[in-house]
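Below are structures written as structure tokens.
Both of the next two complexes hold subunit A, though its partner changes from subunit B to subunit C.
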Partner chain A sequence: MENTDPSLLPSIIFTTAAQLVDCVDKKLLVVLRDGRKLIGILRSFDQYANLVLQDTIERIIVESMYSDIQRGVYIVRGENVVLVGEIDPEKENSIQLREVSLDEIYAAQQDEIDNRRRRELTKNSKLIDIGFSIDTQQEDMY
Partner chain B sequence: MLPLTLLNTSQGHPMLVELKSGETLNGHLVNCDAWMNLTLKEVVQTNSDGTRFFRLPECYVRGNNIKYLRVPDEVLDIAREKNQQQREEQRKSSQPQRGGYNRQYSSSGQRGGFNRNRGGGNVGRGGGQFQRGGRGTKY
Partner chain C sequence: MLFFSFFKTLIDEQVIVELKNDMSVRGTLKSVDQFLNIKLDDVSVVDEVKYPHLSAVKNVFIRGSVVRYVHLPGAVVDTTLLEDATRKEAASQASKMGGR
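Showing the complex of A and B:
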């Protein structure tokens, strides 16, 4: 065994939900499988990575625009979590995004969804043309 | 407190449940279990587009279909208080046990040595584990 550097051990030991201990009481970005982005303070978690988030906002990001919605307390079922990331409070205010109104962001989001659906349809019909079978299940949105 | 503990303390409170399909259920939580199965009452169900609404007097949700739950802010405070109370009670009830070696030995002595050792060991270990887990999540 060459690897005896003690500083490497923690990252090897905590490869499951347990590494979330470092994130408790910190502001996190949580991305869900449906593409939603939640920003809130992690209050607790369990072995399934079920999360409790406090003072949560939902941030809708489309291209370089974003808009926030106040949401409150979330209990997120772990299965739906794609990633959890700590937010650096110092860099938080220097994001390269433009805040827009909710109406604006909803419209932009709808456009994005429509575009994706159109792309998907053309892709699928091409695939069928060359003899692939396609599954009709909706893909992950993140 | 753990997510499912918080869910438990939300019993009787209004909440919003979003299912993986995107449907949402707005209602009061009646009961829940360790699998996150729920029973709700006075529910308003919406379809995934949010265009249609259905009123249901009660409904049952199998936990695996849930995406997330939103609970009122005050439930966190209530859960925190309950947790604090429980810890105090536990501390009170565990202190006399720790000092009460004599009592433990004499009472289990009637049952024989094997039981005595196992019983004592389990009590000690169980207590330690709980406290450790509690400190990690800070509640």
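Showing the complex of A and C:
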């Protein structure tokens, strides 16, 4: 869009479809609500941000380590999408992360989850001590 | 639809979108839709060390349902206009309800 005056823009650009249509056939990073990061080519989508991804890999990142798992085709239900980012091919190879084996990343990931759970437990028990009631668990892991 | 219209007036402004997981993304507001899904250009994550996966990303589509706050530059918000629009919206809502 060359024209940047919002009052002159056609209203069609303010739809979910218009926001995502530029991303079709591009390599995207999709972050899901459970914390998964998927990298794949967007082939289709709809107004709920349901997505179809092709040649998808799942990238597990823990601190400065990462590992990729080949996953194939994904249909992602829109409600689980946190964000969709277009990957800049020029910057893609300059990421500051170190690739490790799957076993290594799983172990590191488990450690991270355990640590988080421990922190949560400590925090909750402190809160209960001072009279708060804890009836919800943190669901969003992203 | 008031906030949808309001966000449309903020296109091309620098904003920071804070998500419900405490992650904040800074960028130029490029588009917004009826669900307040937000599209940002030239993005940078506020805490890059904690979220390294977004360093190679140039633009993002953020689903409205995961947004907690949008930080706006104060200078671009015309609060008087916004107040008027709010009153008009409330009045039109009230007249709709009365008509039933």
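The rule is simple: the second predicted complex is superposed on the first by the 124 of 142 C-alpha atoms of A that agree within 3 Å, B and C clash if a C-alpha of one lies under 4 Å from a C-alpha of the other, contacts with A are read in each partner's own complex, and residues count from 1 in each chain.
Just so it is clear, contacts are C-beta pairs under 8 Å (C-beta built on N, C-alpha and C of every residue); 3 or more make two chains touch, one makes a residue touch a chain.
Here the structure is a predicted model, which means the values were calculated and not measured.
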Clash-or-fit label for the pair subunit B, subunit C on subunit A: fit
Subunit B, subunit C and vertex subunit A (Cα centres) - angle in steps of 10°: 90
Partner chain in contact with A:87 - subunit B first, subunit C second, else both or neither: second
Which of subunit B and subunit C A:71 touches, first, second, both or neither: first
Which of subunit B and subunit C A:46 touches, first, second, both or neither: first
First (subunit B), second (subunit C), both or neither touched by A:108: neither
Comparison of subunit B and subunit C by subunit A residues contacted: C
Lowest inter-chain C-alpha distance for subunit C and subunit B in the superposed arrangement, angstrom: 15
Doubly contacted subunit A residues - partners subunit C and subunit B: 79
Contact footprint of subunit C on subunit A as seen in their complex: 4, 6, 9, 13-16, 18-20, 23, 29, 31, 33, 37, 49, 59, 61, 64, 78-79, 81-88, 91-92, 94-97, 140, 142
Parts of subunit A lying in touch with subunit B, wherever the complex brings them together: 21, 24-25, 32, 34, 43-46, 50-52, 54, 71-77, 79-80
Parts of subunit B lying in touch with subunit A, wherever the complex brings them together: 1-4, 6-7, 20, 22, 36, 63-64, 66-73, 75-76, 136-139
In the complex with subunit A, residue positions of subunit C that touch it: 4, 8-9, 11-12, 19-21, 23, 25, 31-35, 37, 39, 43, 52-63, 65-66
